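Order of writing sets the chain letters: A, B, C, D and E. Residues in each chain are counted from 1.
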Amino acid sequence: MKLGRVTGKVWATAKDPKLNGLTLYVMQPVDENDKFLGTELVVVDTVGSREGDLVYWVGGAEATFPFSDRQIPSDATIVGLVDRLDIVTDGTA
Amino acid sequence: MKLGRVTGKVWATAKDPKLNGLTLYVMQPVDENDKFLGTELVVVDTVGSREGDLVYWVGGAEATFPFSDRQIPSDATIVGLVDRLDIVTDGTA
Amino acid sequence: MKLGRVTGKVWATAKDPKLNGLTLYVMQPVDENDKFLGTELVVVDTVGSREGDLVYWVGGAEATFPFSDRQIPSDATIVGLVDRLDIVTDGTA
Amino acid sequence: MKLGRVTGKVWATAKDPKLNGLTLYVMQPVDENDKFLGTELVVVDTVGSREGDLVYWVGGAEATFPFSDRQIPSDATIVGLVDRLDIVTDGTA
Amino acid sequence: MKLGRVTGKVWATAKDPKLNGLTLYVMQPVDENDKFLGTELVVVDTVGSREGDLVYWVGGAEATFPFSDRQIPSDATIVGLVDRLDIVTDGTA
(Lines give C-alpha, C1' and ligand atoms only; values in the text may rest on other atoms or scores of the structure.)
Protein backbone atom coordinates (compact mmCIF):
# COMPACT_ATOMS: atom_id res chain seq x y z
CA MET A 1 0.00 0.00 0.00
CA LYS A 2 1.05 3.58 -0.37
CA LEU A 3 0.31 6.74 1.60
CA GLY A 4 -1.88 9.48 0.17
CA ARG A 5 -3.58 12.76 1.03
CA VAL A 6 -7.17 13.31 -0.12
CA THR A 7 -7.29 16.64 -1.96
CA GLY A 8 -10.57 16.87 -3.86
CA LYS A 9 -13.70 15.25 -5.22
CA VAL A 10 -14.70 14.00 -8.67
CA TRP A 11 -18.16 14.56 -10.11
CA ALA A 12 -19.12 12.30 -12.96
CA THR A 13 -22.50 11.36 -14.39
CA ALA A 14 -21.51 9.14 -17.32
CA LYS A 15 -19.58 6.28 -15.80
CA ASP A 16 -19.42 2.52 -15.55
CA PRO A 17 -22.60 1.46 -13.67
CA LYS A 18 -20.53 -0.62 -11.24
CA LEU A 19 -19.13 2.66 -9.88
CA ASN A 20 -22.58 4.05 -9.02
CA GLY A 21 -22.95 5.05 -5.36
CA LEU A 22 -19.22 5.10 -4.69
CA THR A 23 -17.36 8.27 -3.69
CA LEU A 24 -14.52 9.20 -6.00
CA TYR A 25 -11.76 11.45 -4.66
CA VAL A 26 -8.74 13.14 -6.11
CA MET A 27 -5.76 11.98 -4.04
CA GLN A 28 -2.09 12.91 -3.99
CA PRO A 29 0.41 10.14 -3.21
CA VAL A 30 2.67 11.32 -0.34
CA ASP A 31 5.72 9.95 1.48
CA GLU A 32 6.08 9.41 5.23
CA ASN A 33 6.93 13.10 5.66
CA ASP A 34 3.76 14.14 3.84
CA LYS A 35 5.75 15.29 0.83
CA PHE A 36 3.74 15.08 -2.38
CA LEU A 37 4.88 12.57 -4.96
CA GLY A 38 4.04 11.96 -8.54
CA THR A 39 0.62 12.59 -9.92
CA GLU A 40 -2.90 12.86 -8.54
CA LEU A 41 -5.03 9.75 -8.76
CA VAL A 42 -8.77 9.24 -8.84
CA VAL A 43 -9.55 6.80 -6.02
CA VAL A 44 -12.59 5.00 -4.66
CA ASP A 45 -13.16 5.47 -0.93
CA THR A 46 -14.20 2.57 1.34
CA VAL A 47 -13.52 3.89 4.84
CA GLY A 48 -15.33 7.22 5.01
CA SER A 49 -12.31 9.41 4.40
CA ARG A 50 -12.68 13.12 3.71
CA GLU A 51 -10.74 15.85 1.95
CA GLY A 52 -7.53 16.49 3.87
CA ASP A 53 -7.20 12.99 5.41
CA LEU A 54 -3.97 11.00 5.39
CA VAL A 55 -4.84 7.55 4.06
CA TYR A 56 -3.25 4.40 2.70
CA TRP A 57 -4.48 2.88 -0.46
CA VAL A 58 -4.00 -0.15 -2.69
CA GLY A 59 -3.38 -0.16 -6.40
CA GLY A 60 -3.84 -2.88 -8.99
CA ALA A 61 -6.31 -5.76 -8.89
CA GLU A 62 -6.22 -5.70 -5.09
CA ALA A 63 -8.10 -2.39 -5.27
CA THR A 64 -11.22 -4.43 -5.98
CA PHE A 65 -10.98 -6.76 -2.96
CA PRO A 66 -12.95 -4.56 -0.56
CA PHE A 67 -15.94 -5.07 -2.87
CA SER A 68 -16.47 -8.78 -2.52
CA ASP A 69 -19.94 -8.75 -4.00
CA ARG A 70 -19.09 -7.11 -7.31
CA GLN A 71 -16.24 -6.52 -9.73
CA ILE A 72 -15.50 -2.81 -9.46
CA PRO A 73 -13.40 -1.33 -12.27
CA SER A 74 -11.10 0.42 -9.79
CA ASP A 75 -7.32 0.28 -9.74
CA ALA A 76 -6.85 2.57 -6.73
CA THR A 77 -8.89 2.26 -3.53
CA ILE A 78 -8.49 3.84 -0.08
CA VAL A 79 -8.44 1.02 2.52
CA GLY A 80 -7.45 2.84 5.74
CA LEU A 81 -7.07 6.12 7.58
CA VAL A 82 -3.66 6.66 9.19
CA ASP A 83 -3.78 7.58 12.89
CA ARG A 84 -0.03 7.70 13.47
CA LEU A 85 3.26 6.72 11.83
CA ASP A 86 6.15 5.60 14.06
CA ILE A 87 9.42 5.80 12.19
CA VAL A 88 11.78 3.68 14.27
CA THR A 89 14.82 3.69 12.02
CA ASP A 90 15.73 5.95 9.15
CA GLY A 91 17.08 2.93 7.35
CA THR A 92 20.57 4.25 6.68
CA ALA A 93 22.55 1.13 7.40
CA MET B 1 -8.01 5.54 -11.66
CA LYS B 2 -6.20 8.28 -13.46
CA LEU B 3 -7.33 11.28 -15.44
CA GLY B 4 -6.88 11.45 -19.20
CA ARG B 5 -7.73 13.49 -22.25
CA VAL B 6 -8.90 11.69 -25.41
CA THR B 7 -6.74 12.91 -28.30
CA GLY B 8 -7.22 10.58 -31.25
CA LYS B 9 -8.51 7.35 -32.72
CA VAL B 10 -6.82 4.07 -33.62
CA TRP B 11 -7.67 2.17 -36.78
CA ALA B 12 -6.66 -1.47 -36.82
CA THR B 13 -7.87 -4.37 -38.92
CA ALA B 14 -5.61 -7.18 -37.70
CA LYS B 15 -6.32 -7.49 -33.99
CA ASP B 16 -7.36 -9.91 -31.30
CA PRO B 17 -10.95 -10.94 -32.16
CA LYS B 18 -12.07 -10.10 -28.59
CA LEU B 19 -11.43 -6.44 -29.41
CA ASN B 20 -13.82 -6.44 -32.40
CA GLY B 21 -16.55 -3.81 -32.16
CA LEU B 22 -14.80 -1.79 -29.47
CA THR B 23 -13.63 1.79 -30.01
CA LEU B 24 -9.93 2.33 -29.46
CA TYR B 25 -8.70 5.84 -28.68
CA VAL B 26 -5.36 7.48 -28.23
CA MET B 27 -5.43 9.13 -24.80
CA GLN B 28 -3.00 11.38 -22.94
CA PRO B 29 -2.79 10.96 -19.17
CA VAL B 30 -3.29 14.39 -17.52
CA ASP B 31 -3.17 15.78 -13.98
CA GLU B 32 -5.91 17.71 -12.20
CA ASN B 33 -4.81 20.90 -13.95
CA ASP B 34 -5.09 19.22 -17.35
CA LYS B 35 -1.31 19.16 -17.73
CA PHE B 36 -0.17 16.31 -19.96
CA LEU B 37 1.84 13.56 -18.35
CA GLY B 38 3.90 10.73 -19.61
CA THR B 39 3.03 8.92 -22.79
CA GLU B 40 -0.07 8.38 -24.87
CA LEU B 41 -1.96 5.17 -24.32
CA VAL B 42 -4.30 3.17 -26.51
CA VAL B 43 -7.51 2.76 -24.50
CA VAL B 44 -10.82 0.98 -24.92
CA ASP B 45 -13.88 3.20 -24.45
CA THR B 46 -16.95 2.03 -22.49
CA VAL B 47 -18.86 5.24 -21.80
CA GLY B 48 -19.23 6.88 -25.21
CA SER B 49 -16.40 9.36 -24.83
CA ARG B 50 -15.17 11.40 -27.79
CA GLU B 51 -11.99 13.13 -28.86
CA GLY B 52 -11.34 16.05 -26.53
CA ASP B 53 -13.19 14.64 -23.48
CA LEU B 54 -11.71 14.60 -19.98
CA VAL B 55 -12.10 11.06 -18.67
CA TYR B 56 -10.91 8.77 -15.92
CA TRP B 57 -9.64 5.34 -16.74
CA VAL B 58 -8.44 2.17 -15.08
CA GLY B 59 -5.25 0.29 -15.81
CA GLY B 60 -4.27 -3.29 -15.13
CA ALA B 61 -6.56 -6.30 -14.85
CA GLU B 62 -9.38 -4.02 -13.63
CA ALA B 63 -9.53 -2.63 -17.16
CA THR B 64 -11.38 -5.79 -18.12
CA PHE B 65 -14.11 -5.60 -15.45
CA PRO B 66 -16.57 -3.52 -17.49
CA PHE B 67 -16.75 -6.46 -19.90
CA SER B 68 -18.28 -9.08 -17.67
CA ASP B 69 -19.26 -11.38 -20.50
CA ARG B 70 -15.83 -11.77 -22.05
CA GLN B 71 -12.12 -11.52 -21.27
CA ILE B 72 -10.93 -8.46 -23.18
CA PRO B 73 -7.17 -8.16 -23.64
CA SER B 74 -7.21 -4.53 -22.47
CA ASP B 75 -5.00 -2.99 -19.83
CA ALA B 76 -6.41 0.54 -20.08
CA THR B 77 -10.14 1.28 -20.24
CA ILE B 78 -12.11 4.53 -19.95
CA VAL B 79 -14.75 4.08 -17.22
CA GLY B 80 -16.13 7.60 -16.74
CA LEU B 81 -16.46 11.12 -18.11
CA VAL B 82 -15.49 13.87 -15.66
CA ASP B 83 -18.13 16.58 -15.19
CA ARG B 84 -16.28 18.59 -12.56
CA LEU B 85 -13.30 18.38 -10.23
CA ASP B 86 -13.51 20.12 -6.80
CA ILE B 87 -10.07 20.59 -5.35
CA VAL B 88 -10.74 21.31 -1.68
CA THR B 89 -7.18 21.33 -0.38
CA ASP B 90 -3.90 21.64 -2.20
CA GLY B 91 -2.50 19.09 0.19
CA THR B 92 0.48 21.10 1.41
CA ALA B 93 0.39 20.19 5.08
CA MET C 1 -2.65 -0.71 -24.39
CA LYS C 2 0.50 0.95 -25.58
CA LEU C 3 2.07 1.43 -28.97
CA GLY C 4 5.23 -0.42 -29.96
CA ARG C 5 7.54 -1.11 -32.86
CA VAL C 6 8.77 -4.68 -33.43
CA THR C 7 12.55 -4.56 -33.70
CA GLY C 8 13.90 -8.10 -33.39
CA LYS C 9 13.41 -11.75 -32.56
CA VAL C 10 14.29 -13.85 -29.52
CA TRP C 11 15.68 -17.36 -29.82
CA ALA C 12 15.39 -19.50 -26.73
CA THR C 13 15.50 -23.25 -26.27
CA ALA C 14 15.24 -23.55 -22.48
CA LYS C 15 11.96 -21.94 -21.58
CA ASP C 16 8.69 -22.52 -19.81
CA PRO C 17 6.89 -25.26 -21.81
CA LYS C 18 3.75 -23.10 -21.99
CA LEU C 19 5.67 -20.74 -24.26
CA ASN C 20 6.47 -23.47 -26.82
CA GLY C 21 5.31 -22.65 -30.35
CA LEU C 22 4.85 -18.96 -29.67
CA THR C 23 6.87 -16.27 -31.44
CA LEU C 24 8.82 -13.99 -29.13
CA TYR C 25 9.87 -10.58 -30.40
CA VAL C 26 11.97 -7.75 -29.11
CA MET C 27 9.75 -4.64 -29.18
CA GLN C 28 10.38 -0.97 -28.47
CA PRO C 29 7.54 1.00 -26.86
CA VAL C 30 6.87 4.13 -28.98
CA ASP C 31 4.63 7.17 -28.71
CA GLU C 32 2.10 8.36 -31.30
CA ASN C 33 4.92 10.07 -33.23
CA ASP C 34 6.88 6.83 -33.37
CA LYS C 35 9.44 8.17 -30.92
CA PHE C 36 11.08 5.39 -28.95
CA LEU C 37 10.38 5.27 -25.24
CA GLY C 38 11.88 3.43 -22.36
CA THR C 39 13.28 -0.03 -22.72
CA GLU C 40 12.86 -2.93 -25.09
CA LEU C 41 10.48 -5.66 -24.05
CA VAL C 42 10.22 -9.31 -24.98
CA VAL C 43 6.65 -9.82 -26.23
CA VAL C 44 4.51 -12.70 -27.41
CA ASP C 45 2.88 -12.18 -30.81
CA THR C 46 -0.74 -13.19 -31.47
CA VAL C 47 -1.60 -11.37 -34.70
CA GLY C 48 1.15 -12.32 -37.12
CA SER C 49 3.20 -9.17 -36.75
CA ARG C 50 6.70 -8.92 -38.21
CA GLU C 51 9.87 -6.98 -37.56
CA GLY C 52 9.23 -3.31 -38.34
CA ASP C 53 5.46 -3.34 -37.68
CA LEU C 54 3.70 -0.73 -35.57
CA VAL C 55 1.59 -2.61 -33.05
CA TYR C 56 -0.36 -2.14 -29.85
CA TRP C 57 0.17 -4.45 -26.97
CA VAL C 58 -1.17 -5.21 -23.51
CA GLY C 59 0.84 -5.58 -20.35
CA GLY C 60 0.00 -7.27 -17.07
CA ALA C 61 -2.35 -10.18 -16.51
CA GLU C 62 -4.40 -9.10 -19.53
CA ALA C 63 -1.46 -10.22 -21.69
CA THR C 64 -2.66 -13.76 -21.13
CA PHE C 65 -6.27 -13.26 -22.25
CA PRO C 66 -5.70 -14.03 -25.94
CA PHE C 67 -4.74 -17.55 -24.86
CA SER C 68 -8.01 -18.75 -23.43
CA ASP C 69 -7.04 -22.40 -23.42
CA ARG C 70 -3.90 -22.13 -21.35
CA GLN C 71 -2.19 -19.92 -18.78
CA ILE C 72 0.73 -18.36 -20.63
CA PRO C 73 3.45 -16.81 -18.44
CA SER C 74 3.46 -13.61 -20.52
CA ASP C 75 3.18 -10.07 -19.24
CA ALA C 76 3.42 -8.35 -22.63
CA THR C 77 1.49 -9.51 -25.69
CA ILE C 78 0.89 -7.91 -29.10
CA VAL C 79 -2.88 -7.78 -29.71
CA GLY C 80 -3.18 -5.63 -32.85
CA LEU C 81 -1.47 -4.11 -35.86
CA VAL C 82 -2.03 -0.36 -36.27
CA ASP C 83 -3.29 0.67 -39.71
CA ARG C 84 -3.65 4.37 -38.99
CA LEU C 85 -3.68 6.84 -36.11
CA ASP C 86 -5.94 9.91 -36.33
CA ILE C 87 -4.85 12.55 -33.87
CA VAL C 88 -7.85 14.85 -33.64
CA THR C 89 -6.70 17.14 -30.84
CA ASP C 90 -3.28 17.74 -29.39
CA GLY C 91 -4.89 17.91 -25.99
CA THR C 92 -3.55 21.29 -24.96
CA ALA C 93 -6.65 22.70 -23.32
CA MET D 1 10.29 -9.67 -5.51
CA LYS D 2 12.23 -6.67 -4.37
CA LEU D 3 14.44 -5.98 -1.40
CA GLY D 4 13.33 -3.65 1.38
CA ARG D 5 14.28 -2.36 4.81
CA VAL D 6 11.58 -2.10 7.49
CA THR D 7 11.70 1.42 8.92
CA GLY D 8 8.53 2.06 10.90
CA LYS D 9 5.04 1.06 11.94
CA VAL D 10 1.59 2.24 10.88
CA TRP D 11 -1.23 2.74 13.36
CA ALA D 12 -4.70 2.83 11.89
CA THR D 13 -8.10 2.27 13.48
CA ALA D 14 -10.42 2.94 10.53
CA LYS D 15 -9.45 0.41 7.89
CA ASP D 16 -10.80 -2.35 5.70
CA PRO D 17 -11.92 -5.14 8.09
CA LYS D 18 -9.91 -7.69 6.10
CA LEU D 19 -6.75 -5.96 7.34
CA ASN D 20 -7.66 -6.44 11.04
CA GLY D 21 -5.01 -8.28 13.04
CA LEU D 22 -2.27 -7.78 10.46
CA THR D 23 0.88 -5.77 11.18
CA LEU D 24 1.44 -2.85 8.84
CA TYR D 25 4.96 -1.49 8.46
CA VAL D 26 6.55 1.42 6.68
CA MET D 27 9.24 -0.06 4.43
CA GLN D 28 11.91 1.49 2.21
CA PRO D 29 12.76 -0.36 -1.02
CA VAL D 30 16.56 -0.89 -1.16
CA ASP D 31 19.01 -2.31 -3.68
CA GLU D 32 21.51 -5.12 -3.08
CA ASN D 33 23.93 -2.63 -1.48
CA ASP D 34 21.22 -1.48 0.94
CA LYS D 35 20.92 1.86 -0.84
CA PHE D 36 17.46 3.35 -0.44
CA LEU D 37 15.32 3.63 -3.55
CA GLY D 38 12.16 5.42 -4.40
CA THR D 39 9.42 5.92 -1.89
CA GLU D 40 8.34 4.30 1.35
CA LEU D 41 5.55 1.76 1.10
CA VAL D 42 3.02 0.52 3.61
CA VAL D 43 3.40 -3.28 3.69
CA VAL D 44 1.72 -6.21 5.38
CA ASP D 45 4.07 -8.52 7.28
CA THR D 46 3.72 -12.34 7.11
CA VAL D 47 7.06 -13.61 8.46
CA GLY D 48 7.48 -11.83 11.78
CA SER D 49 9.84 -9.15 10.56
CA ARG D 50 10.74 -6.17 12.75
CA GLU D 51 11.90 -2.61 12.30
CA GLY D 52 15.42 -2.65 10.85
CA ASP D 53 15.14 -6.05 9.08
CA LEU D 54 16.22 -6.62 5.48
CA VAL D 55 13.33 -8.34 3.73
CA TYR D 56 12.04 -9.24 0.29
CA TRP D 57 8.50 -8.48 -0.63
CA VAL D 58 6.02 -9.00 -3.43
CA GLY D 59 3.89 -6.36 -5.09
CA GLY D 60 0.71 -6.65 -7.10
CA ALA D 61 -1.95 -9.33 -6.85
CA GLU D 62 0.68 -11.82 -5.70
CA ALA D 63 0.85 -9.85 -2.44
CA THR D 64 -2.39 -11.57 -1.47
CA PHE D 65 -1.23 -15.16 -2.03
CA PRO D 66 0.15 -15.73 1.48
CA PHE D 67 -3.42 -15.28 2.74
CA SER D 68 -5.10 -18.25 1.14
CA ASP D 69 -8.20 -18.08 3.32
CA ARG D 70 -9.20 -14.51 2.56
CA GLN D 71 -8.82 -11.78 -0.02
CA ILE D 72 -6.60 -9.17 1.61
CA PRO D 73 -6.61 -5.72 -0.02
CA SER D 74 -2.79 -5.59 0.02
CA ASP D 75 -0.53 -4.79 -2.90
CA ALA D 76 2.75 -5.09 -0.99
CA THR D 77 3.53 -7.95 1.38
CA ILE D 78 6.75 -9.07 3.07
CA VAL D 79 7.33 -12.77 2.24
CA GLY D 80 10.86 -13.42 3.52
CA LEU D 81 13.74 -12.26 5.71
CA VAL D 82 17.10 -12.13 3.94
CA ASP D 83 19.90 -14.00 5.73
CA ARG D 84 22.61 -13.37 3.13
CA LEU D 85 23.07 -12.13 -0.42
CA ASP D 86 25.83 -13.69 -2.57
CA ILE D 87 26.63 -11.47 -5.50
CA VAL D 88 28.55 -13.76 -7.85
CA THR D 89 28.86 -11.48 -10.87
CA ASP D 90 28.42 -7.75 -11.18
CA GLY D 91 26.73 -8.34 -14.49
CA THR D 92 28.93 -6.10 -16.59
CA ALA D 93 29.31 -8.28 -19.66
CA MET E 1 8.64 -10.12 -20.60
CA LYS E 2 11.86 -8.32 -19.96
CA LEU E 3 15.50 -9.26 -20.31
CA GLY E 4 17.69 -9.78 -17.27
CA ARG E 5 21.11 -10.95 -16.16
CA VAL E 6 21.39 -13.25 -13.13
CA THR E 7 23.93 -11.73 -10.75
CA GLY E 8 23.62 -13.43 -7.38
CA LYS E 9 21.78 -15.68 -4.98
CA VAL E 10 19.49 -15.02 -2.02
CA TRP E 11 19.68 -17.05 1.16
CA ALA E 12 16.64 -16.87 3.39
CA THR E 13 15.40 -19.17 6.13
CA ALA E 14 12.30 -17.29 7.35
CA LYS E 15 10.05 -17.06 4.33
CA ASP E 16 6.59 -17.85 3.09
CA PRO E 17 6.31 -21.68 3.07
CA LYS E 18 5.08 -21.63 -0.53
CA LEU E 19 8.58 -20.47 -1.54
CA ASN E 20 10.29 -23.50 0.04
CA GLY E 21 12.47 -25.47 -2.40
CA LEU E 22 12.59 -22.70 -4.99
CA THR E 23 15.83 -20.98 -6.00
CA LEU E 24 15.84 -17.23 -5.48
CA TYR E 25 18.30 -15.14 -7.48
CA VAL E 26 19.32 -11.54 -7.56
CA MET E 27 18.80 -10.36 -11.16
CA GLN E 28 19.56 -7.12 -12.96
CA PRO E 29 17.12 -6.02 -15.68
CA VAL E 30 19.10 -5.34 -18.89
CA ASP E 31 18.30 -4.02 -22.35
CA GLU E 32 19.03 -5.75 -25.66
CA ASN E 33 22.62 -4.48 -25.53
CA ASP E 34 23.09 -5.99 -22.09
CA LYS E 35 23.13 -2.54 -20.49
CA PHE E 36 21.94 -2.63 -16.89
CA LEU E 37 18.69 -0.90 -16.11
CA GLY E 38 16.96 0.12 -12.96
CA THR E 39 17.23 -1.91 -9.82
CA GLU E 40 18.05 -5.49 -8.92
CA LEU E 41 15.12 -7.79 -8.35
CA VAL E 42 14.74 -10.98 -6.36
CA VAL E 43 13.39 -13.59 -8.81
CA VAL E 44 12.26 -17.20 -8.69
CA ASP E 45 13.96 -19.49 -11.22
CA THR E 46 12.01 -22.12 -13.19
CA VAL E 47 14.37 -23.06 -16.01
CA GLY E 48 17.63 -23.94 -14.29
CA SER E 49 19.40 -20.66 -14.90
CA ARG E 50 22.67 -19.83 -13.20
CA GLU E 51 24.59 -16.76 -12.16
CA GLY E 52 25.72 -14.92 -15.30
CA ASP E 53 22.93 -16.17 -17.59
CA LEU E 54 20.91 -13.87 -19.86
CA VAL E 55 17.25 -14.63 -19.22
CA TYR E 56 13.79 -13.30 -19.84
CA TRP E 57 11.35 -13.02 -17.03
CA VAL E 58 7.75 -12.12 -16.32
CA GLY E 59 6.48 -9.71 -13.73
CA GLY E 60 3.07 -9.36 -12.11
CA ALA E 61 0.48 -12.08 -11.58
CA GLU E 62 1.81 -13.93 -14.63
CA ALA E 63 4.93 -14.69 -12.59
CA THR E 64 2.89 -17.37 -10.84
CA PHE E 65 1.68 -19.20 -13.95
CA PRO E 66 4.62 -21.61 -14.22
CA PHE E 67 3.50 -23.04 -10.87
CA SER E 68 0.15 -24.47 -11.78
CA ASP E 69 -0.17 -26.60 -8.68
CA ARG E 70 0.23 -23.84 -6.11
CA GLN E 71 -0.12 -20.11 -5.62
CA ILE E 72 3.44 -18.82 -5.30
CA PRO E 73 3.81 -15.33 -3.83
CA SER E 74 6.20 -14.30 -6.62
CA ASP E 75 5.95 -11.20 -8.77
CA ALA E 76 9.07 -11.86 -10.83
CA THR E 77 9.91 -15.26 -12.33
CA ILE E 78 12.52 -16.35 -14.88
CA VAL E 79 10.74 -18.23 -17.70
CA GLY E 80 13.45 -18.66 -20.33
CA LEU E 81 17.15 -18.60 -21.15
CA VAL E 82 18.06 -16.45 -24.16
CA ASP E 83 20.16 -18.25 -26.79
CA ARG E 84 20.34 -15.40 -29.28
CA LEU E 85 18.77 -12.02 -30.04
CA ASP E 86 18.34 -10.97 -33.69
CA ILE E 87 17.82 -7.24 -33.93
CA VAL E 88 16.41 -6.78 -37.43
CA THR E 89 15.58 -3.08 -37.29
CA ASP E 90 16.71 -0.40 -34.91
CA GLY E 91 13.21 0.98 -35.05
CA THR E 92 14.10 4.53 -36.08
CA ALA E 93 11.34 5.14 -38.60
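By definition in this document, contacts are C-beta pairs under 8 Å (C-beta built on N, C-alpha and C of every residue); 3 or more make two chains touch, one makes a residue touch a chain.
Bear in mind the structure is a predicted one, so any value in this text is a computation, not a measurement.
Superposing the C-alpha atoms of chain A onto chain B requires a rotation of 70 degrees, rounded to the nearest 5.
One simple way to say how far apart two chains are is to compare their mean CA positions; for chain B and chain C this gives 19 Å.
With centres set at the average Cα position, the gap from chain A to chain C is 31 Å.
Annotation for chain B: residues 59-61, 63 touch two or more other chains. All chains join into a single ring; listed from chain C onward through chain E, they run C, E, D, A, B. Contact residues on chain A toward chain B in their complex (touch as defined above): 5-16, 18-19, 24, 26, 28, 30, 34, 36, 39-44, 51-52, 59-61, 63-64, 71-76.
Per the touch definition, chain B reaches chain A in the complex via residues 1-3, 29, 31-32, 37, 46-49, 56, 58-63, 65-66, 68, 77, 79-93.
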